[in-house]
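Alright, structures below, take your time with them.
Below are two complexes that have chain A in common, paired first with chain B and then with chain C.
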Partner chain A sequence: MGDTVSAGRRRMRQYPAWVPYAFIAPSVLIFALFIVWPALNGFYQSVFTRGIIVRPDIPGLGAAYVGLANYERVLGDERFLSALGNTLLFSAATVPLIMLLSLALALVLQKRFRGVGAARAVVYWPSMISFIMVGIAWKWILNFESGIANYLLGLAGSPKVGWLVSPSLAMASIVGVSAWASAGFYMVMYIGGLNSIPEVYYEAALIDGASSLERFRYVTLPLLRPTILLVMVLATINCFKVYQQSRVLTAGGPGRATVFLVQNIYEEAFKLPNSVGYASAQSALFFLVMLALTLVQLRLGGRDGEA
Partner chain B sequence: MRAILSALKALALCLVAAVFLLPMLWLVLSSFKGTQELVAWPPRFLPKAWTLANYAAGLRYGDFPRFFANTAIATAASTLLSVSISAMAGYAFAKYRFPGRDAIFVAILATLMFSLEVILIPMFLTLKQFGLINSLWGIIIPPAATPTGIFLMRQYCLGLPDELLEAARMDGAGEGLIFARVVLPLAGTVLSTLTIFSFVWRWNDFMWPFLVINDDELQTVQLALANFVGQYAVEWGGLLAMTSLSMLPMLLVFLVFQRYFMKGIAMTGLKA
Partner chain C sequence: MKKLILALTLFAFLAGGLAAAPKELSVLWFYDDPSELEFLKKACEDYKAKVPGLEFKINTVPYADLNSKIAQLVAGGTPPDVVKMTDYRAEVAPFIQDLSKSLGKDFLAPFIPGIAAIMNREGKIIGAPLDVTANGIILNKSLFDKAGVRIPDQKTAWTYAEFLKAITKVRDSAGVKFPLVWDVTPHRWLTFLFQNGAQVFTPDGKGNAFNSPATLATFRAWGDFFKNGIIPQSTWGGTENPRDLFFSGQAVAWMSGSWQVKAMSGIKDFAWTAGPNPYVTTRSSVLGYKYVTGFSTSKYPAEAAQFIKYFTSKEVNSAYAKALMTISSRTDTGTIDYGSAQASSALNALAYELAISPVAASTNPSNPAMSLSYDRLKESIINVTIGKSSPEEAVAAVSKVIDEALAATSKK
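After this line comes the complex of A and B, so read on.
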């Protein structure tokens, strides 16, 4: 009896035990070396003072264990706090804009009609190219002296507007460009979600005499909840990583009005001596804020979903 | 009434299309204008005299042919590596049973939380340890492992019948041979999807080259464009031309493989 079972097992598995590990080894190796190790090292470095530019001659800044001092310093650092504030403001404006814009586009372009494929392609196209390319196109449009935006405003009798150079408008321009460039990507996700809602629910609502607004409110929205949640989480994470748009459009200016977390961390580490530990502490806080936001969103979405 | 409504709808649709199409179109059209016309006031929509002068200037400026070559090499190599190792890992996670399988798979998916932007500085230190700073290998190897790729391939392989693999084993085929001769030929669609996505991600990528590359002659196109636009006096003609040129491969890929994108995003919702 026992013999037949083990014989059967032997026949089932005719490959050496190491084979599966060999198949996953290349990927696992890269993940271990280039994600797990740097991530752990980042937390480790954050309790030291070390530098990419090392200046041991500067007193008190040699490579030394400093406990949580880097974290304490971050919390009183005006540059970091303003970058954090800018990032939060940017995300708070861009995420809802993306969610509404891409949902509206999805509702219009979900239906089947002549030319819908082309329309979807046109809306999706800005997501196909980098923020660098998108940023250059908009910088050309919004540029103060010879940009077409100010020309068109001039036709309407308005004076030139400093889209990228006035502190309040620069942030708004980056928000607008980011939402414009991302809408197509999230639209495709929404269309996927809309297509997965069974037709029968709409038919049933129709029989009950629901208006199109009621069908949207009581059929589409509740059944689309998982997609809405996913879009919200992904959009928030991507907004928190904002850097390329501001690099091209404003280079962080005017002043520091559009310096975001990524730019601040990078400049901290690469332009100031002995600041790897300090920049790592900023990265760690950046990660924790992002993680917390994601968990809160998932929690809220999950709870509402049950109700 | 109905005719008016549908005309209004068509008008709204055209407006939406214009909002999304015109900004990039304006960039491309401007790139064909002469130096004078580029800053002419009032601007004309179409170039009065089409010219390639900006393209010639751009290609001379800062060695763009080399930047395109760097980008093409890095994109091709990283995509080849990425698709190969993702296919292997995805297949193993779907079709083998081994201790630690599920834990490792979940750990790999969890790495999505640690994108490059979040671990920028420690990543730089690691790359430096391995001698990958200022080398194209630095933008080929580290980005090649993607949870998205492994996930897609695993989903696909879960659908393959075990009997197929058993039959091949009965015939005495080794595991490597089964993967290469039985599994891969059946996985054409998912491999194409992965290849296209990886190509687009790597071609567009800015953050990895930004962190890895210092030398001017090793720059990729995206890095060079970003540096180009960061100068005090932007040389618009060449910049617009080189930006248009770098959109061209994406346009070709998009026109040929449009369906893969819509499907791929709807399937995974992931963007690297």
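After this line comes the complex of A and C, so read on.
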């Protein structure tokens, strides 16, 4: 055994030091090219007033340096602030819902029983469908006049519900649909986390007379903390990026009740004249908000882990 | 010597290969009816047979993404050779090729003068008109017959008071849900604005005429449509598609336009008819149009211009109008046989509404500042619909946006 390990180490030492870097180089290159560079360029564009097309030689198509004026404007822009408020509200409602729902599903579907594979697949499938399709399908269900939900309510003698007509219900509908579509994805992560908890801890707790609730509270939750943190960070990031489902389901309406940050930035950049610089400033602030939130979450998770 | 022969053979082969390489025209198209894409493909094939050495690469885009897609392609230096458009987009205007250079100054002579004038900007021909559209009221004739309510003739028409009374009576008598549904677009809403005698721009197109008592009256009456249950809240204030409600026989009347005639000709469950449009002070439709153009910065602008000429020629344009049941943009096509008396009658009725519309109904929507104002106009209309804004606030908000749009477009 010892000889085998030594031989393995000797073989590894034969590779030059740059080899591992060469293996990760394609990923780093793609990340730098398609993520880092556009992000840095976005920051750069945010200090200009410019449109989609910049041609200094053509009147009206130039780019004018405006310093931090775009950022000042963003902070007083009601449309941006309302979109930010909607996004915060959506995330505050959806992230806990996703975390609880996917954990509950994982706890149930982690167990071995007849048909567990099919049950897991049914829960996971919605996360494989694009949000566009999810939005279209739920629109058919939730439409006021032609939706299946109100049809069924009508059969039961209940009045119709304005799922997508009332501002608060429209927001609630997007929260529910998003949680439904994402829960399966996070459930798989939780199942992975649950499976990695050694069975001996549960056996020891059982011998000590711990109830199932106590085993969950004192064994499962502490040991699942890294997975919970991962799910929280990923769900928060994805919730902040919400666009497709709201675009299809409500188109941001009624009014602007469900316009979120990404939709606001897109419309600002592509539908208004000379607004790409301003939209870039919104994107930059969006990035900073996300970064701050992620750092806070990681910090809190790390501190808890140490304690 | 052998090397020389080999080099010459290789050169000849490469040169021959290059010479034979077909030119591939990129075409960017949007469509509602899939048969339009088939028509385009066939036209491209026919043209290829006439002009050897050409290939076509057709890309399609949803209408909602058309303008941003074009802007992105132009910004990226890869504009399409041929594109179908609706609005005049100021940001891409400097890159649109002047068709008069390839096709002559009188190229637009056979087209409807109003559309030709729109295509003629600052001495440049910016596109070839493809078709003309007219906004108008579509009525479920079967429901009117069932309720015993008479539809007035085209010339007499009806006021909104008469129209609302009639469609409410039909709704009650025939037992359907909605008297009226209205396409959720600001372009369709403009019809009501013009019917109230209001305008968006001053006659010279350079000033803002939106903030007026007539506009305020338009917004007030519009809000009343929803308060009084004439138009269902779930359309403008939700996500319900007015077209679906009309097609499923749940609405008495539908404000839409001539481009729906093809789809409506497939309705088997009830009889329908177009117009006459109701009015408040002014009888009006709204002019819409689609045109084909190209970019001076595209790969093959000269070849694109020739294809545009072919695609909007009398023969192809007549076939296009017939196949898609649209109003031709040309004056020399004669009476087009659409193969359906109902479709022909509807298109004639809608064309009549357009002919008696005020000038603003043609010039306002084609003002470059209008396309920049549509999104905020729609937002304000919806805010009035759901009671989030008062009509006064909506007028002020839209007026401000129009001022900004006029300032932005006047810089170009």
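Quick note on the criterion: the second predicted complex is superposed on the first by the 263 of 307 C-alpha atoms of A that agree within 3 Å, B and C clash if a C-alpha of one lies under 4 Å from a C-alpha of the other, contacts with A are read in each partner's own complex, and residues count from 1 in each chain.
By our rule, contacts are C-beta pairs under 8 Å (C-beta built on N, C-alpha and C of every residue); 3 or more make two chains touch, one makes a residue touch a chain.
A quick note: this is a predicted structure, and the numbers were derived from the prediction, not measured.
Applying the stated contact rule after C-alpha superposition, one finds that A:Pro38 touches chain B and leaves chain C untouched. Applying the stated contact rule after C-alpha superposition, one finds that A:Ser283 touches chain B and leaves chain C untouched.
Of the two partner chains, chain B and chain C are each touched by A:Ala251.
Of the two partner chains placed by the overlay, only chain C lies in contact with A:Leu272; chain B stays clear of it.
Residue contacts after overlaying the shared chain place A:Ile148 against chain B, while chain C stays out of touching range.
Of the two partners chain B and chain C, it is B that touches the larger number of chain A residues. In the superposition on chain A, A:Lys139 contacts both chain B and chain C. With both structures placed on the common chain, the touch criterion links A:Tyr218 to neither chain B nor chain C. Shared-chain residue A:Tyr202: touches no atom of chain B or chain C. Shared contact residues of chain A, touching chain B in one structure and chain C in the other: 52, 139, 145-146, 251.
On chain A, the positions that touch chain B within their shared complex are 14-15, 17, 19-21, 23-24, 26-28, 30-31, 33-39, 41-42, 45, 52, 105, 108, 115, 117-126, 128-141, 145-146, 148, 151, 180, 183-185, 188-189, 191-192, 195, 230, 234, 237-238, 241, 243-244, 247-248, 251, 262, 265-266, 269, 276, 279-280, 283, 286-287, 290-291, 294.
Only residues 12-13, 16-17, 19-21, 23-24, 26-27, 30, 38-39, 41-43, 84-86, 88-89, 91-93, 96-98, 101, 104, 107-108, 111, 113-115, 117-127, 130, 141-142, 144-145, 150, 169, 175, 179, 200, 204-207, 222, 225-226, 229-230, 234, 236, 239-240, 243, 246-247, 250, 254, 258, 261-262, 265-267, 269, 271 of chain B touch chain A when the two sit together in their complex. Residues 51-55, 58-61, 139, 143-146, 162, 164-165, 167, 249-251, 253-256, 267, 270-274 of chain A are the ones touching chain C in the complex. Considering their complex, residues 67-68, 71-72, 74-75, 90-92, 94-95, 177, 232-234, 237-240, 244-245, 248, 250, 372, 375, 379, 382-383, 386, 388, 405, 408-409, 411-412 of chain C touch chain A.
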